[in-house]
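These notes open a run of structures that come right after.
Each of the next two complexes has subunit A plus one other chain: subunit B in the first, subunit C in the second.
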Partner chain A sequence: MIAAVRTYRVLVSVALANMMQYRAVMLLWAAWGVVAPMVSLAVWTAAARGRSLAGFDRAELAGYFLVTMVVSHLTTAWDMEVFSYEVQSGRLSPRLLRPMLPVFQSAADNIAYKLCTVAVLFPVWLLIGLIVRPSIHLTLERALLLLPAVCLAAALAFVWGYCVALVAFWTTNIRAINQLYWTGMTFLAGRLAPLALLPPALRTLAGYLPFRWMLSFPVELALGRLPAAEIPAGLVWQASWLVAGICAFRLIWAQGIRSYSAVGA
Partner chain B sequence: MGGITVTDLTKIYRVHERDAGLAAALRSLAKRKYREVRAVGGVSFEVGAGEVVGFLGPNGAGKTTTLKMLSGLLHPTSGEARVLGHVPWRREKEYLRQISMVMGNRSQLIWDIPAIDSFLVNQAVYRIPEPQFRQTVKELTELLDLGALLNKQVRSLSLGERMKCELAASLLHRPSVLFLDEPTIGVDVTMQTRIRQFVAEYNRTHGATIILTSHYMADVTALCRRVIVIHHGRILYDGDLNELVERMAPFKLIEIDLEHEPNGLDPGRYGELIRREGQKLVLQVPKAETPAVTARLLAELPVLDLSVEDPPIEEVIDRVFQERAA
Partner chain C sequence: MEPLRLFWLFARTSVQKDTEYRANFFAQILVTLLGIGTQLAAVWVIFRHTPNLAGWSLPQVLALLGVYNFMYGFIGASIAPNMRQVLEDVRQGTLDFALLKPINSQLLVSVRQFEIWRLTDILLGIALAVYASIRINSGAGTGLPMREALLFPLMLLCGGVIVYSFWLILATTSFWFTRIDNIEMIFWNIFEAGRYPIDVYPLYIRRFLTFGVPLAFITTIPARALGGALETSTLLLAVLLAAAMWVVSAWFWRVGLRRYGSASS
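Let's turn to the complex of A and B:
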């Protein structure tokens, strides 16, 4: 266990060093994470025309998109965008030769990215908060529950995103599958709009898919929009989806690695 | 337990094919045509612990595919292999900790940061104790002259410098089995020699088993007493390199430098004329006749200089391929 923690400490610190070589790109990606929720906020505020929209007044909409901005950044995962390139180019081979699954390296990269960018983005989030004057009802008790909820959401998004990425073992072009995943993240996770604004059928569907638990659930928890009784059940849903994701990963990896052709390497 | 045993190892790739043009592209939308490519077709061999074996063969012969299966990167279509008692493609951690593969065309180093950072990652991943890590880095730095390179960004290293760092990174955990796939590709002659010396030294000091593929015959002749010649996924020869030359090239090359060209010179009287550059002639002569022909050349022609050599190993190997293809 101590050795595993030490390994991870080194992986994260080297990933941090590597990311610092790409300051501009990293800041641009982080900026995109700020811009998208701000545009959504502007659109929905205009659509509300000063009235309440599905129980959200202007300040609550501002709170929703500000918290979405933060949680979305903390839970983002991008392996489905890069893994296929690694498979198709054979760059995965050196990673496969090590006595450690490549997924652990990717997780370290993910953690490093967040550590690096959060330090820069935190004052930006505070500034936006001062400008948009959000309504957020976060009690201490809920703040304590928010921590595991965000961690589970980040783990969920990473694991399921990685499962999608593994499709690259079988197919050359996984862009269409990625698109499907991002559509789910946009509409059914609450990225584009609060799930309360969705038609009832889509809202029901969102409850049965993992997307809500990757973003909307911790956001609803932070905003105080969830009844107290629903919070433990939500955490159990998150944990269950995480276990399912890990099982799916193990199955897909075991099959996919058999199909790996180690091109050009 | 300490070596490599391969039995009937086969790898077949399924490749999508279509003719050129839009019509063929449309047809392939509805119905795909696949072709099976037998990259490795039932090879069997054994490599003893501490042995250095050269894999020879033209591009697409199946050398790299075999190495990829032995290093656990690829699952074979059929057949068996045991390396250090492990089935490689099960990719057990215990196995991966004991092997290494250096690919001349593929980097394991992190491109944008100094090589020493990649070494630290390997130390953590392979769980190399700090004293052993420091000792190994010191040894490798001396042997490969890495001193000035370790703190430079990998992307700013020359190909040869990077290759030395790649080798060092691959050996930090002191693997017992080393797969070298074109380790000297693209590097200059001085660096090639340096890398060869280093690999030989590593084999001597650590008793590591090494399989090497290279297009540079000098790599093979310098490092391997035994070679496995592979072509179209099949083994054509497995044995001593000198024996291969002996068996496949039962002739010698005699090079003579003449003072002047005598009237009515007929080189065909002495052997087969291979090359002629001014007063310089290269003759191919059956091995058994070499002493007699040499004596006749010296007695009958105004010879300034004479040398007798084995044919280049490349030609010998080429001859193996041609004979088997015929």
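Let's turn to the complex of A and C:
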């Protein structure tokens, strides 16, 4: 166990050193996470025309999209964008030779990316907060609950994103599947709008899929939009989806690795 | 005629290459449909809460989405692959091959690549814009008025020229900086904001998107021409800006070429 933790610390610090080489690129990626929520905020502010939409007035919309910006950065995962390249080019092969699954390396990269971008993005978030004047009332109790909620959301997004990425073992054309996944993230995770503003049918759908638990749930929690009783239930939902995701990963990986032909898949 | 002949020649060879991978066509169709479907659904969700978005009616916003997808396809099919090639060539010194040809180098580097499957974005974008214009004018009980029928293609052309010149200027900076692989991320980050009418943004961002980065002329203004709400002053500004950017980018390209260090750099 201790050896595992030590190995992981080394993995993360190596990944961190690797990332520092590509600081500028990373910041450009991170900028994406700032632009999209700001566009949504502008659109919804225009749509609200000074009214309150489903309990969101101007300042609360600003609060929603600012918190979404932060949480979505903390929970982002991008393996479905890069994994197919590793399979197609055969670059996965050397990673398979290591005495550990490539997924652990990816997770280390993910953590390292967040560690080094958060440092830069934090002042950006503060600045945007000053400009859009959000209303966020975070109590200590909710802040404490937010910690496991965000960690679980990040783990969920990573594991399910990785499951989607694994489809690359069978087909080299995974762009359509990625697009479908992002469509789900856009609507059902609350990127486009707070789930409360969605039509009832989509809201019901969101209840049956893991997307909501990857982003919307911690955001709702932070903004105090959840009744106290729903919070522990939500954490249990997150944990259940995480377990389901890990099981799905093990199954898909075991099947997929057999159809991997190293180069020229 | 020379530019058209060359474009046709290169497009034909690219198509011959691309049609070997026909599965990509179906994947691309699927991606395009999913992408446009997501955008339409987003607009639908927004218009459930408001009859107009910053003064834009639903059909006008649909016209904008049509223009957005048209431009997205145009950039993806022609501009982006060509400019990526320029960046690569400048870095590796292989731009020599283009410079040695007995034709205008700017023309040649702008037509070498063409990704035929991205035509799906262009065609569906046009279809959406046409549908929206029918919706807009059916309210008035007339067909498409002459003025709009003439102004829309003109504004689309201006938008196309502006976006091409903008990319050429970005690509030309590589003569000084050599390594700027990710410069296009900056563009895509900003382009994201063009999905909605720029009137939804606060004044200072609107100014920036009009005069700083001419995004307004790429999506919002052609859409406004189709919706029949284009002022003559904006029209003149668009034509002038397109002409100016065309001239400046061509001049900048020639200046940049003098800095080109060839393969030994």
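Methods note: the second predicted complex is superposed on the first by the 263 of 265 C-alpha atoms of A that agree within 3 Å, B and C clash if a C-alpha of one lies under 4 Å from a C-alpha of the other, contacts with A are read in each partner's own complex, and residues count from 1 in each chain.
Keep this in mind: a contact is a pair of C-beta atoms (placed from the backbone, for glycine too) under 8 Å apart; a residue touches a chain by one contact, two chains touch by 3 or more.
The structure displayed is predicted, hence computed values, not measured ones.
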item: Subunit B versus subunit C as contact partner of A:35, first or second or both or neither; value: second
item: Touched partner set for A:198, first subunit B, second subunit C, both or neither; value: second
item: Partner chain(s) touched by A:91 [first = subunit B, second = subunit C, both, neither]; value: first
item: First (subunit B), second (subunit C), both or neither touched by A:254; value: neither
item: First, second, both or neither for A:53, with subunit B first and subunit C second; value: second
item: Which of subunit B and subunit C A:44 touches, first, second, both or neither; value: second
item: Contacts of A:3 with subunit B and subunit C, given as first, second, both or neither; value: first
item: Partner chain(s) touched by A:186 [first = subunit B, second = subunit C, both, neither]; value: second
item: Subunit A - residues contacting subunit B, complex; value: 3, 6-7, 9-11, 14, 17-18, 21-22, 90-91, 93-94, 96-100, 257-258, 260-262, 264-265
item: Interface residues, subunit A side, partner subunit C - complex; value: 24-25, 28-29, 31-32, 35-36, 39, 42-49, 53, 173, 175-176, 179-180, 182-183, 186-187, 192-193, 197-199, 202
item: Residues of subunit C defined as touching subunit A within the complex; value: 23-24, 27-28, 30-31, 34-35, 37-38, 41-42, 45-46, 48-50, 53-54, 181-182, 185-186, 188-190, 192-193, 195-196, 199-202, 205
item: For the subunit B and subunit A complex, residues of the former touching the latter; value: 13, 68, 71-75, 91, 93-94, 96-97, 99-101, 103, 105-108, 110, 112-113, 117-118, 120-127
